[in-house]
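What follows is a set of structures for review.
Common to both upcoming complexes is chain A, partnered first by chain B, then by chain C.
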Partner chain A sequence: MGTLIKLEFSKLFRRGITYIGFVAILLIVLVVQIGMFVEGKKLLDFLVKSMSDVFQFEGNLINTYSVSYIILNSLWLHIPVLVAIVAGDMVSGEAGRGTFRLLLTRPVSRGQLLTAKYITAQAYTAMLVVFLMVLSLGLGRLFWEPGDMIVLMNTINILDMSDIWWRFLAAFAYGVMSMWVVSGLAFLFSTMATNSLGPVISSMSVLILFTILSNFSIGIFEVIKPFLFTTYLSGWQLFFDDPVDWVVIAKASTVLILHISFFYFAALRIFTKKDITT
Partner chain B sequence: MKYFKQFFLIFMFLTAASLLHAQPDATKIIAAVLEKSAEVKSFEADVAIDVDVDFIRIPVKKGRVFYKAPDKFRFRATGFALVPKKGLNFSVMSMLQEPHTALFSGEDEQNLLVKVVPTNPESEFVIATLWVDKKEQRINKMNVTTNGQGNYTLEFTYGTMKYDLPIATSVGFEIQQMDIPMKFIGNLKVDPKKAGERTKGSVQLLYSNFEINGSIPDSVFVEEE
Partner chain C sequence: MEKVLEVKHLEKRFGAVKAVSDVSFTVFKGDIYGFLGPNGSGKSTTIRMVLNLIKPDAGDVLVFGEPLHGHRKQALSKIGALIERPDFYQYLTAYQNMDMLAQYSGLKNQRKKIMELLEVVDLADRARHRVKTFSQGMKQRLGIAQTLLHDPELIILDEPVNGLDPQGIKDIREMIVRLNKDFGKTLIVSSHILREMELISNRMIVISKGKVVVEGEVRKLLESEQQQLTLVTQQPQNALELLTTAFPQLHFTRNTLEELQTTLPTTDIPLVNELLVKNGIGVKQLMTHNNLEDFFLQNT
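Entry: the complex of A and B
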């Protein structure tokens, strides 16, 4: 299995499409950092305007952590697209290129091959999220000093800088898990298609539809909302609440893990039963 | 009957005169408070600031506060702190140094009550009620109505220091509810009906490790970029 995963990784990183996600994240983070560097003060002034009658502010809230949080908040909707591009191509790409029949003549089972591809896709997803973390926090150090962080989470939370790192690490770990669901979905569609475009568009369509349903607060949608994975995609923000609601996080994590498992086993079943004609 | 009426009028006049004579002079009370506070030319102290506003959550911030007469003030701490604009001892004294009319308005067991009305129409406050300690000639409590920024109250607790610097200050104020339509920085849940309304909040300041009338370099008060 180890050799298979290594092979899948080497195939993955020989394709230009793999690097699109990294380049896109680099550019977006850079643009947001520069934007915040130029206009961040105005943003903060607007944010705390009503408090300035009563308080004077000592210290700077526009810093590495606050800016990283803003980046995550604004970028989180776009990461699924980048994840789906690669995960959606993992199986369908091989089918499209006509390399499956040759590949399956090797002494590996379909299950092993699919699992290796699945692990590779999920590892890529994790790498993308970790890259986002390193870049937003690391690049931010070039522009800002670390400091206390401002988060609008039901209330205005100002978190002490000694209380921030674990929150970021936990939020990114949760973020990896939530992106694994999107990646798993694109991977599932990938097992059903013979070209990459179909799985990417399908998974994005499902994501958009479910996101819309998750944001409807009326009648029937309230019933299905708890079962939609999109309801929990932004759950990483919960780690920045004070106090952290661990019950909600545990529930959200369970739903996400169930989705990840379901997508994997569904993909495995489809792929093992599939008639490979290319 | 005629004599009785005259006697009654004289009695009333003398009673009123004696009461008028006994009423403390509010201007003198304020002058005494200012005189005592002027003994403090500078001070520095550790301070812990605990903010209690229903839509703000901030941990208790510790730092060091520096003051140099007449109006230099600086708070230094690592990280970010919300320091109340009103309620620091020197800001109260600078209010009382403004031209004003002081009126004695009563007393309780411990305090003399004085109302202060600024004569300058541009003044930041409209009227202030002071509870001045009868024995110590220092302000125990203060209630201020501002010019357009709501009311606030101050309560000072003093220790056993030689100087009249409070070891604890409680500031009660009104603050406007937030309404921030910025999704990307988070999700602030404010009842739209309450957005813009004023709500009550308070700040507790606890001081310790005073150094009074020492030498504080001016560089301490320079704002860092």
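Entry: the complex of A and C
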């Protein structure tokens, strides 16, 4: 299995498409950092305008952490697209290029081959999110000083500088898990297709549809909402609550892990039964 | 003789279309086994079922006596295959492709062997070149080299000469014979280039519309009681009259100015020649046709 994973990594990083994600993340982070550097104060003034009668703000509210928090919102759409591009190509790309004929006539287990590909896709996903973390916090440190962080959700949370690092680490770790679901979904579609575009479009369509359903607070959608993975994709925000609601996080993590497992086993079943006709 | 591959009553349906129906055949050690059939006859589907790329609806495949079903890995360790186009990783070199495929077969540190195999297919000097720069013929040769990586006893080549120029076809043909004679490999070769198959295979199967039309030794299958005869003479009209009178049961046709054609029992051929010569009609050429192409056309 180790050799198979090594081979999959070797193939992955010899292809240009693999680096699109890293370049795109670099651009996203740079755009947000520069944008905040140039126009951030105006934006923040607008956001805290209604509170300025009640609160008195001292110092610069825009700092390494607040900008990184804004960047974390790219986990909604940007990172899923980048993750799906690679995960969606893992199996379908080999089918489309005809290389499966070479691989699957060798004495290698189909199940092991698929598992190696799944692990590689998920490792790549984790790398992208870690890259986002390193870049947003690291690059942010070049533009800004660290400081206390203000989080505007249902409540206003002001988090002390010394109480932030672990929250970011936990939020990014949760971000990795939520992106594994998207990656798993694209991978599942990849086992059904013979071109790379289909799985990317299909997984993005499901993501958008489920996100809409997750945000409908009426009738039947209320019933299915707890079972949709999209309901929990923004769960990383929970780590910036004070106090952190660990029960909700545990429930969200369970649903995500069940999805990750389901997508893997469904892909495994499809692939091991699949006729290679391309 | 040792049975290398036994295929028993294979069936495969794609939706409403029955692609393969009750196909059975046996390949023995040392064979170059021709797998013939028109396009869409079910050749590739059958070969893919033998390699477990496609799951059969019914039937069994035995590799060296072991069923393929449930023993896929063991069976494939004894088979090397090139299916249709050799689609390699274009962004890798010939060596890197071979090395990667060796590792997928569970082989490590195969540098010496890979270079030897590239030498066999005359690609050693292109080992460090990316496959995307290769011609079709070079890719086919590399495709054959990769079948030998894990030293399999049976090699399956599906349409190995597709898209090749005459020199490329000749190279592959010689390579197939070499693998059989020098390396002791048993080969199954599917092709629709019948002349090539006639030259190299000792046994063959012809399938059409997913069913076996005929199977057996090439030499015996081509032996026939009836042969097609082409006769070239400077006096075709006289010859035609004489032969029609002497052999009223035969139907002679005049193809060109000097050429007559008929189908007749093999035993009658010397009689035809003797009759013409005795009557002073010079025979420029006397040709019998009994090749694989005629056989194929008659049987599919």
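Methods note: the second predicted complex is superposed on the first by the 269 of 278 C-alpha atoms of A that agree within 3 Å, B and C clash if a C-alpha of one lies under 4 Å from a C-alpha of the other, contacts with A are read in each partner's own complex, and residues count from 1 in each chain.
Just so it is clear, contacts are C-beta pairs under 8 Å (C-beta built on N, C-alpha and C of every residue); 3 or more make two chains touch, one makes a residue touch a chain.
Just so it is clear, the structure is predicted and the values come from calculations on it, not from any experiment.
Peer 1: Clash or fit: how do chain B and chain C relate after the overlay on chain A?
Peer 2: Fit: chain B and chain C sit side by side once superposed on chain A.
Peer 1: Would you check which partner chain A:Asp148 touches, where first means chain B only, second means chain C only, and both and neither mean what they say?
Peer 2: A:Asp148 contacts chain B only, not chain C.
Peer 1: Identify the partner contact of A:Thr254: answer first if only chain B is touched, second if only chain C is, both if each is, neither if none is.
Peer 2: Touch status of A:Thr254: no partner.
Peer 1: Just chain B (first), just chain C (second), both, or neither: which does A:Pro107 touch?
Peer 2: The second partner, chain C, only.
Peer 1: Which partner does A:Ile70 contact after superposing on A: first (chain B), second (chain C), both, neither?
Peer 2: first
Peer 1: Taking the superposition on A as described, I'd like to know which of chain B and chain C A:Asp275 touches: first, second, both or neither.
Peer 2: second
Peer 1: Going by the contact rule set out at the top, does A:Asn215 touch chain B (first), chain C (second), both, or neither?
Peer 2: neither
Peer 1: Return the chain, chain B or chain C, that is in touch with more residues of chain A.
Peer 2: B
Peer 1: Tell me which partner A:Arg14 touches in the superposition: chain B (first), chain C (second), both or neither.
Peer 2: second
Peer 1: Between chain B and chain C, once the two complexes are placed on the common chain, what is the minimum CA to CA distance in Å?
Peer 2: Across the overlay, chain B reaches chain C at a minimum of 41 Å between C-alpha atoms.
Peer 1: With the touch criterion stated at the top, can you tell me which chain A residues are shared between the chain B interface and the chain C interface?
Peer 2: none
Peer 1: Across the complex, what residues on chain B touch chain A?
Peer 2: Residue positions touching the partner: 51, 54-59, 63, 75-86, 149, 173, 175-178, 180, 182-189, 201.
Peer 1: If you look only at chain C, which of its residues touch chain A in the complex?
Peer 2: Residue positions touching the partner: 48, 51-55, 72-74, 76-77, 79-81, 83-92, 100-101, 103-106, 108, 146, 150.
Peer 1: Please give the residue numbers of chain A that touch chain C in the complex, ascending.
Peer 2: Spelled out, the residues of chain A in touch with chain C are 3-4, 7, 10-11, 14-15, 97-99, 101-110, 273, 275-277.
Peer 1: Within their complex, state which residues of chain A touch chain B.
Peer 2: By the definition above, chain A touches chain B via 43, 46-47, 50-51, 53-61, 69-70, 73-74, 147-148, 150-161, 163, 237, 240, 242.
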